[in-house]
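Just below sit the structures, each encoded as structure tokens.
After this come two complexes, each holding chain A, first together with chain B and then together with chain C.
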Partner chain A sequence: MSAVETKPLLQRPGTRLAIRYAIAIVLTVIFVFPIYWLFMISFKTPAEIFAFPPKWYASKLQFGNYVGLFKDGDAVSVLNSLILAGTSTVIAMVLGTMAAYSLVRFKTGGENLAVWIISQRMVPPIAIIFPVFLLYVFFGWVDTYHGLIILYTAFNLPYVIWMMRGYIEDIPLELEESALVDGWTRWQVLWRVVFPMARTGLFATAVFTFVFAWNDFIFALVLTRTEVITYTVQVTHYFGGQSNFWAKIAAMSVLGTLPVFVAVAFMQRYLVRGISMGAVKG
Partner chain B sequence: MSDLKITRLHKRYGLVPAVRGIDLDVPSGEFTVLVGPSGCGKSTLLRMIAGLEEISEGTIEIGGRVVNHVRPRDRDIAMVFQNYALYPYMNVFENIAFGLRARKTPQDEIQKRVKRAAEMLAITGLLDRLPRQLSGGQRQRVAIGRAIVRNAKLFLFDEPLSNLDAQLRDEMRSEIKRLHQELGTTMIYVTHDQIEAMTLADRIVLLKDGLIEQAGTPLDLYERPATRFVAGFLGSPKMNFIPADYVRDGSGAAVKFADGTALALPRGPEGNRPVVFGIRPQHFSRDPGSLSGQAARVRATVELLQPTGSRAFITFPLGGKPIMAELASHDVQGPGESLDLYMDIGRAVLIDPETGRVL
Partner chain C sequence: MTVTTIDSATASRAPDRNFKYWVIAPAIFLLLLVGLFPLVYSLIISFQHLTMTEADTSFVGLKNYAHLFVDTRLWESLLHTVIITVIALPLELVFGMAMAQLFLERMPGRQIFVSLLMLPVVISPIVAGATWRLLLDNRYGPINQIIGWFAGHPMTLLWNVNPNLVYPAIIFCEIWQWTPFMFLILLAALSNVDKSLTEAAEIDGAGYWRVFFKIVLPSIWPVMAIALLIRGLDLVRIFDIIWSLTAGGPGTMTETISIYTYVQGFSQFETSYTAAIAFLVIALLTVIVTWAIRRMGLAK
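The block that comes next holds the complex of A and B.
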């Protein structure tokens, strides 16, 4: 007779932990596999890509697919995306933060303006793309940098204003008042107090703004021709009627993914962590 | 020469008045305390002086110059806030130097002034720390340091001690008083705490509902309150108030309470009228010889005893009201005891029940 009373297998702590890990690993594999597969294809030779049974990894790291993209000049589309997303993010952050500051501190537009502004963000791009296209044709803005930058900025501003409004509301008013009394101007207070205090929010909002512009497809598809093609549009050029250029699709997709990886990796601590408010009683 | 002159000052938020016509003259070097219950307009008044609130009507002069439309930064003031208002991303040195940097003070001058301020406030060892690494008392010292390095004409304090625990508050109160003596700068200090007001002020300005109820030295207000509100606001425990009938006849002045107790008064106004009789707990004693003026005897049955160490507070009924008296601890045994108490009747106040004014 055993002296130790044993619980049923499923109720032992060790078993439960193992099950949790197993589930987590399975889920991770499911989510990560397509990305892994994308990276692998980008390094494979055409023979390897179409091999059957499939090759789970590239036999050697060869950059021929990437070299092709740069030789053809297709890689410029990534640079275009960077310029468009980067510039529109900077403009939207600057204008949006100032607008949010005005909403919070000067009660500009009363209680409802902020809600009205965020409602602009709810417009589905597809619903306005044709009027915008006609307008841009009229202005001669189709296939230009500034055309898309203005559009991305306009689309991101409501989001930036809404988010920054929340972050600025959390800044104790006394910090700004104290700076005003101490001899700084409003603009200096914005720069020296509001920006540093809202730093976490600024970076987090900027990342999302950047990613929106970066991932945009519909605007870029309709409003660009040859000059300012973004990488999302460029990828679709590789889907042909007869065949798909998988190697190019994969390599271009990797190029398009890397900047976002880098941005998120660098901004991770701002995305995750809230700044500690040591200034006020705590 | 006055550093601050306020004339017929009003502040309205929409239709709601917060300050309703204040005149105030603060002589150079004086420590003025604005005190009153919450909502009395004291903070609004201070913020208008600082330039953080718009003025609805009236004028504010600082150093002889009307500053109604002058930006806060150009008013030559320094302000200490209730929540310290320290910048969490700057160390203590930079926090103190922040205002000097705004004024483009040379670096060596900044070093010198911050060092001197830190020495005065005993925070020299903390200059490299961030605000979150400081205790509440240390943070408040830094906030005060930031104000004193500026050498401003006017120092404004907005309830600077409210966030501190009782012991620290006592300590910082002495510190602020000492600083005022050392610096000799004109200081305006807002508080709702009457003890802070009494201990710090050269002059107390007591506000109520956006108006000055009474202004004067702490002792003035304590001993010669103009209204029932002032009498009740200053002093701890607060003054006892008993409704009474005031009678003046051939034999002199007297008050009669609802329970029939009558007390003769050394002096009083003409005519018979209902009044409110006010007497401070401190103006009772068991020994008539210890009182400065004429003593009136009352019989007290102790209902409640609150010892505080050397002194004890007793509560007993008089004129149908529970009355508090402060006695020496050994003068009273416990609840239920019946004693003869002597009231310093000359220091009692008679108040008009309708207007609340002291007669």
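The block that comes next holds the complex of A and C.
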């Protein structure tokens, strides 16, 4: 599409670039505005939130809404989310990578097992949550950390296995072979060769696994009561009172969103591969 | 494919013999516990008649399944789910594709735009719904304000109550959050298209659309298919955004299959009937997904 001879104004490279910039800026403003608004509300005073016509920015940065969340103890739900998502991510990464290694290097269970594992990911949460709830009532696991950790781990395993399969395939086989020839056991090879070699893949996959668990709502809604409430459930607790709790909704949402923004900022390179379940190798 | 097993590297030593099973066993166990067990258990209780007050475990045959057919609220909720899916999915695809085309050619600062545009994707859908609830508030939300500027007089549209506006509200939120998902995947896929092919076609005089449909689209199809599958499945089980925005209301107008199942199970406590619904959903989706995965060659 290079312009060789003189073209009409609209087709000149400079004009084209200007138009593309204009569209890009408008699009970005549209997509970022809701996030901006959420953050702004969290900094506004109640008077500013309920000003009419709406105020487009907070007059000054004040953290009163956040202080409120810490004072009445609601902020502990963010800590719960951290414990649940963090622990389940570590377990899912270890178990999932082990399973992926077995699938890649030994073809365990053949194609059918791999298909069955990924199909587990596709089962809608609402369809399994009800029997899981009954099971958990029976075990006394409702509103416990380990109950949700087990559920998040299991729910994320297919994703971890699927992603790590791709990363393990990229590890050169010779390294593992020479370690075996040197007399290492397979367990040693797994821990000292495969895990270290796959570390970038591990790290990238872990971030997404964490985000999935962190952003979960439906499992936490059903399986928490008071003790291990996550931030997503906490946000919905503010919905009832006819817009009285806007400051809390916004501040709690921001507390729950910032860590994800930070985590993903470090993972830009892997973002597409991560969200497309490896369909695009990056 | 080259040989990728390493069985031959060592004559199987005693501690290693069952290694390949030991490493996969914990994962399989968890998947059976949380994946297969609920499936079987659902199936069993769906043939009983359990409610919150009724603990009788005798079997009632296909009674619950028969009831599925006359439950209009169930079919309406399926219809709502389909409506949201068939509107939102093509829009996300088309907008995502248009945005990917816009950013395909290099431009200074492209990475900054892309980084900002991807933010909605990683937000929790519950938070996304809550954010739009605040944006769409009839009095204090900025959207009515902006619409008022264009209309020339103040607008007080009741986005999460008015029957004509609840679907647009849900779909705006849905599209806002997930168009960037399509955009990111399609941008990556488009960047991998072999430039020499498209340039050769252009030199041969093929127009933009012809090149797009004959060369570009077939080569990004595998990736696009996966993106559509992932988004399609997410849309079919849509719950969080609706819970935040309308909670299924007004009445049951925006109740999707996930919301309806939740209501049956956790506010009506129709234990057995919920299991029947859940099993219907699982059965439907399992068939569709297994077929789609094999069909699209994803299981490679």
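FYI, the second predicted complex is superposed on the first by the 251 of 282 C-alpha atoms of A that agree within 3 Å, B and C clash if a C-alpha of one lies under 4 Å from a C-alpha of the other, contacts with A are read in each partner's own complex, and residues count from 1 in each chain.
Just so we're on the same page, contacts are C-beta pairs under 8 Å (C-beta built on N, C-alpha and C of every residue); 3 or more make two chains touch, one makes a residue touch a chain.
The model shown is predicted, which means the values in this text are computed figures rather than measured ones.
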{"item": "Which superposed partner A:Phe138 touches (first chain B, second chain C, both, neither)", "value": "neither"}
{"item": "Touching partner for A:Thr185 - first (chain B), second (chain C), both, neither", "value": "both"}
{"item": "Touching partner for A:Thr153 - first (chain B), second (chain C), both, neither", "value": "second"}
{"item": "Chain B versus chain C as contact partner of A:Pro196, first or second or both or neither", "value": "first"}
{"item": "Chain touching more of chain A, residue-wise (chain B, chain C)", "value": "C"}
{"item": "First, second, both or neither for A:Leu175, with chain B first and chain C second", "value": "first"}
{"item": "Touched partner set for A:Phe106, first chain B, second chain C, both or neither", "value": "second"}
{"item": "Contacts of A:Val235 with chain B and chain C, given as first, second, both or neither", "value": "second"}
{"item": "Chain B versus chain C as contact partner of A:Ile41, first or second or both or neither", "value": "second"}
{"item": "Chain B and chain C contact sites that coincide on chain A, given as residue numbers", "value": "177, 180-181, 185, 275-277, 279-280, 282"}
{"item": "Complex contacts: residues of chain B adjacent to chain A", "value": "50-52, 71-73, 75, 77-79, 81-89, 98-99, 102-103, 130-133, 136, 146, 150, 156, 163"}
{"item": "Contact footprint of chain A on chain C as seen in their complex", "value": "4-7, 9-10, 13, 15-16, 19-21, 23-24, 26-28, 30-31, 33-35, 37-39, 41-42, 45, 99, 102-103, 105, 107, 113, 115-128, 130-135, 137, 139-142, 145, 176, 179-181, 184-185, 187-189, 192, 202, 222-223, 226-227, 230, 233, 236-237, 239-240, 243-244, 247, 257-258, 261-262, 265-266, 271, 274-275, 278-279, 281-282, 285-286, 289-290, 293-294, 298-299"}
{"item": "Chain A residues touching chain C - in the complex, by the definition given at the top", "value": "1, 17, 20-21, 23-24, 27-28, 31-32, 34-35, 37-38, 41, 49-54, 56, 95-96, 98-99, 101-109, 111, 114-115, 117-120, 122-128, 130-135, 150-151, 153-155, 157-158, 161, 169, 173, 176-177, 180-181, 185-187, 190, 211, 214-218, 222, 232, 235-236, 239, 243, 246, 249-250, 253, 256-257, 260-261, 264-265, 268, 271-272, 275-277, 279-280, 282"}
{"item": "Chain A residues touching chain B - in the complex, by the definition given at the top", "value": "172, 174-175, 177-185, 188, 193, 196-197, 199, 275-282"}
